[in-house]
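Worksheet: the structure to be examined is printed underneath.
For clarity, chains are labelled A, B, C and D in written order, and residue numbers in each chain start from 1.
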Amino acid sequence: MAEPLFSVRGLKVALPDMARKPLIGRAPLAEILKGLDFDLPKGSVTGIVGESGSGKSTLGRALVRLLEPSAGSIIFDGRDITHLPEAELRPLRRNLQMIFQDPMSSLNPRRTIFSIIAAPLRQNGLGDNLKGRVAEALQRVGLPQSFASRYRHELSGGQRQRVGIARALALSPKFVLADEIVSGLDVSTQAQILTLLERLAGEMGLTVAFISHDLSVIRRLCRQVIVMREGAIVEASATDTLFEHPQQAYTRDLLAAIPLPEIDDGWLLPVAKAPA
Amino acid sequence: MDEARNSRSRISRRGSSRHGSGARLWLAGGWLLLALLAAIFAPLVAPQDPLAQDLMFERLPPFWMSGSEPGFWLGTDSLGRDLLSRLIFGARIAFIVAFAAALAACLVGSTLGLISGYFGGWADRIISRIVDVWMAFPPVLFAILLVAVLGTGLSSVIIAIAVIDWTRFCRVIRAESMGQARMDYVENARIAGYGRIGIMLREVLPNVVPSIMALLSLEMGIAVIVEAILSFVNLSISTDDPTWGGIIAEGRLSIHQAWWVLVFPLVTLILTVLSFSQFGEGLKARFDPVLR
Amino acid sequence: MNATRPCLDIRSLSTVLPNGARVLRSVSLSVQPSEVRALVGESGAGKTMIGKAVLGVLPLSVRIVEGDMLLEGEDLGRLQPKARRTLIGARTALIPQDPLTALNPSRRIGPQMTDRLVRILGWSGQRADLRIRQLLDEVQIRDPDRVLKCYPHELSGGMRQRVLIAAAFAAEPRLIVADEPTTALDVTVQKQILRLIAQLQREHGTAILFVTHDLGVVAKISQKVSVLYAGKVVEEAETAALFAAPQHPYTRALMAATPRYTDPFASLKPVDEAVLAGLASEIAAADQAWKRSHG
Amino acid sequence: MLLQRFLIRLLTMAITLFGVAVVVFVVIRVAPGDPIAMMLPPGASDADIARLRAFYGLDKTVVEQFFIWLSGVIRGDFGTSISLRQDVLGLVFNRLPATLELAIVVLLMALAIGGTTAILGARERGTAVEAGIDIASGAALSIPDFLWGLVLILLFGVLVPILDISGRVSPQLDLPFVTQFYLFESLVRLRFDLTKDLLGHMLMPAVALALPLAAIISQLLKQSLKEVLDLDYVVLARVKGFSETQVILREALKNAALPTLTLVGVQFTFLIGGTVIIERLFSYEGLGNMAIDAVINRDLPLIQGIVLVFALLFVLINLTVDMMYALLNPRLRHG
């Protein structure tokens, strides 16, 4: 087996719970992630799946160190990045990229697509031949060169998400976090974006953490899956194993709850025991 | 009071997105340009010496009324000074005060608002507390007090207006920066390797610039009014220089004998204030192609 | 008897935006009593707008330019606004998309559920209260006393959606418009909610116009389906027949694009350019014809 | 929860007031002029000046003066006015009712005008009615109260002279009042002739102040209403069969009013600030008018007293609004 790119042990993240914040003083901390252990193997796509409140997005943000863990360790490419301060992280950022869920909010409305894609290049010492590199990034995601001079609002949803991918991949990073990148898109666009990511990940040998609430999508894209619930890992295994022989009741419930696009008269009939 | 500040900024936002901006922008800009040119070339365009008193010509009515004298288009005041010339020279003071005071208030307020909104934490707490204290002063009284303390004069007026009105910028820009700081592209910039100041200048600032511009224009109008109010209570510039507020104060006294001494500066002032606020909103609408 | 008079009959409905663009393009469809008809399409297909048009809650900018809507034989377009409102209030209900914004945050659940019964239908408060409790029981809410006194923010998303379903069925409407009622929910909650809607629909014999973007949901809940693209019905069929043999190329493409974990490599197929080109010319032809006949 | 919120607001209020006291004290002491010299006839001896300085405490250091003054303020002793030679608190209380009456009339006027136009505009959204309301409120908002005051003077004082342009009450009238709340007392005593005269004096300054405030209430509430009217629960209410007016009044108004409420509070404080120049313009004998005289006469104790009373009014208004907000918002009430 290949050496893991990420090695995570006992990872805990606690965030201030603003709902319970007293009027004076700090909000109490709520433990979002309750001690996670897992590895992300190099050069493959790992799915992280869970329902809302499972902590999957928090986990993603901790991996790329937008959040600082409260306990445990994150080893990235042999280096402990658990508590690295922002300034020391900056040289590593080139290899820790992210594609956001909502391209509307993740692309600055006042910058051209060129400027958006060029920013990480410039900031990471790849400022030479910017034009060429941006052109290459656009071409890689199947966008015409003329898009370089456009703004966010001049693009469709699918095109925006392509820009998000182009920007993240322009640096040829070792790791990319994809956080629910198709959940706002129509199925036809979703299929395009996912096949694009699938192809690029294969071509560039990327390590990807693919966060999604949709197990159907995960099955196609990922080599292994981590199922999360309430800040803990329910089950983690190779994709085929998970789908063919789910070990945990929760995983089986999740699978059974997906409405497949095929006729099944029994699906909606109440089962003997009331749903939990 | 956060809610209040947020909704304050919402007013300026909603105004801009609704109406077409073209006609407003041109009308408002046209008047301001006219007034500005008159101010710059005042000695050339003013038909009379604004300070020349002539008791033979006191309270002459405007040109279309009987008893008017050629050359005194808008009539004269109770000392026989030409009203049009005084208005033209008054525009000089009005514009100097408008530009200088509004820029100073803008610079201080926007910087503090940006820092407060983007960085949050202690910086925000301290700045917000100062803003609260400032907001507890009646602004006009504060301005009058400051000018009384600093002594009358152009620079006192400018300083007083900047000192009372920086909070307007601070409040709005703080609220907008807070909204910006929550956007994903701020995190995206961190992912790209930018530091905090870099993100503030690169990602946040460009998105609040339209608001700053609209506020700046609005503030210029307000500065003109505050200057007029200060002149009105006889606390602005030295009494020799004609100011719009000073003319209004005279007009208020002789209102039953010579209404025009009040009407013309009042109309000038209203047009100017309206133009500044509409110009700002129009600019904002024009440079905000990316709403939503 | 049932087949002679549909519960809802929409005939050639077209709407336009202020700039003259057509949003709905001569949509015709009908819902028989006790039938669930799904309206499926991607964003911009106009599926939500059809439901809003029926209920008379279109955005102000959208104008109906042609077509009739018959609710149990009554032509909605010919009624006075007041009579129309009362008719819609008495015979229809809406299950909205987002349970978070569908309840008034400053009113307690109880009055929000009973106000239609009391103030529009003229029931006594006691009768309305009994009715609501009965429905809450049907949607498996076991502590009605507490729930009725709650403010919306005190309930979870799934609970709120149950409350909304109970309120929708309370007045025994003939037709319910369900506008993506499970899109905002997690899959496990979605399954429970779909199950509840199906169960109540069967027991009360209500017709449902079920708006969704998810072919999976269509397959599970509906008997008939209309596939929409750009405000036009491109295919209409019995649900079973549609999934057995989709006729229109767009329907086939949509099915191939929908992910299926049981068959990962046969699904998630990007829509073919040729299909989209075909759709575009179909829409253009329809618009030309419409322009000719409407000058 | 509510009580805790209240106590914390009280604390921040105290901090704000202390800040105001410090700022005004510092600003005034920077003044180059000597107030004592202005009080005495030109030939006064140095000894006289020194005696008077000692009487007003002006011979001590600024810090000492501040704490002497502050301890007095806490005991309710604001010092003695230099120009009027009377107790500052007495002077302030004598003038405050006039300003409060004006402010309350303005607020009621603005709420009535702003509220109705907002509801009307929201109900008739997208029509010429709304466009008309927008233009009117835009104009009312862009022109400051000072200019509105002048316009009104020209219109109703000169062109059609039907209103009094100066003072609070006609001087020839015989006033039976025991309090300074003339308007209120005239109503209680059923002396409607006096009410009429008082309102005749108050109308123009009140309208001048109310126009911008009404415009801002109207714009904000209308915007807020329109946002709420697009929400699902409002759509649901329409489907239930309620009419648009019922929908606005029953479902939308309360939720739309909440965000507007805090803003009305802030605007009301601006309004009280605006009374200063409007009172001056109409020679209305209120606190603001006295404040300008105090500044011109360099009457330090009086200025300090008035500014502090204004600041107290401001924070009290904010406190009231904040508490109302918390009371009306179920999330905060039960949180």
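One rule holds for everything that comes next: contacts are C-beta pairs under 8 Å (C-beta built on N, C-alpha and C of every residue); 3 or more make two chains touch, one makes a residue touch a chain.
Not measured: the values here are computed from a predicted model.
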Using the touch definition from the top, what's the fewest steps needed to get from subunit C to subunit D? 1
Counting contacting C-beta pairs, the top-scoring chain pair is B-D
Compute the distance, rounded to whole Å, between the mean C-alpha positions of subunit A and subunit C. 33
Taking each chain's centre as the mean of its CA atoms, how far is subunit A from subunit D in angstrom? 54
Compute the distance, rounded to whole Å, between the mean C-alpha positions of subunit B and subunit D. 22
How many angstrom lie between the CA centroids of subunit A and subunit B, rounded to a whole number? 49
Could you pull out which subunit B residues touch subunit D in their complex? 1, 3-4, 7-8, 10-11, 14-15, 18-19, 129-130, 132-133, 135-141, 144-146, 148-149, 151, 221-222, 225, 228-229, 232-233, 235, 248, 252, 255-256, 259, 262-263, 266, 269-270, 273-274, 277-278
Quick one: which bits of subunit B touch subunit A in the complex? Just the residue numbers, please. 183-185, 187-196, 202-203, 206-207, 289-290, 292
Spell out the residues on subunit D that touch subunit B in their complex, using ranges where they run on. 12, 15-17, 19-20, 23-24, 27-28, 30-32, 134, 138-139, 142-144, 146-147, 150-151, 153-154, 157-158, 216, 219-220, 223, 259-260, 262-263, 265-266, 269-270, 272-277, 280-281, 288, 291-292, 295-296, 298, 303, 306-307, 310-311, 314-315, 318, 322, 325
Mind listing the subunit D positions that touch subunit C in their complex? 125-126, 230-233, 235-243, 250-251, 254-255, 258, 328-331, 334
Taking the complex as given, what residues does subunit C use to touch subunit D? 52, 55-57, 59-61, 82, 85-86, 88-90, 92-94, 96-98, 101-107, 112, 115-116, 119-120, 151, 153-154, 164
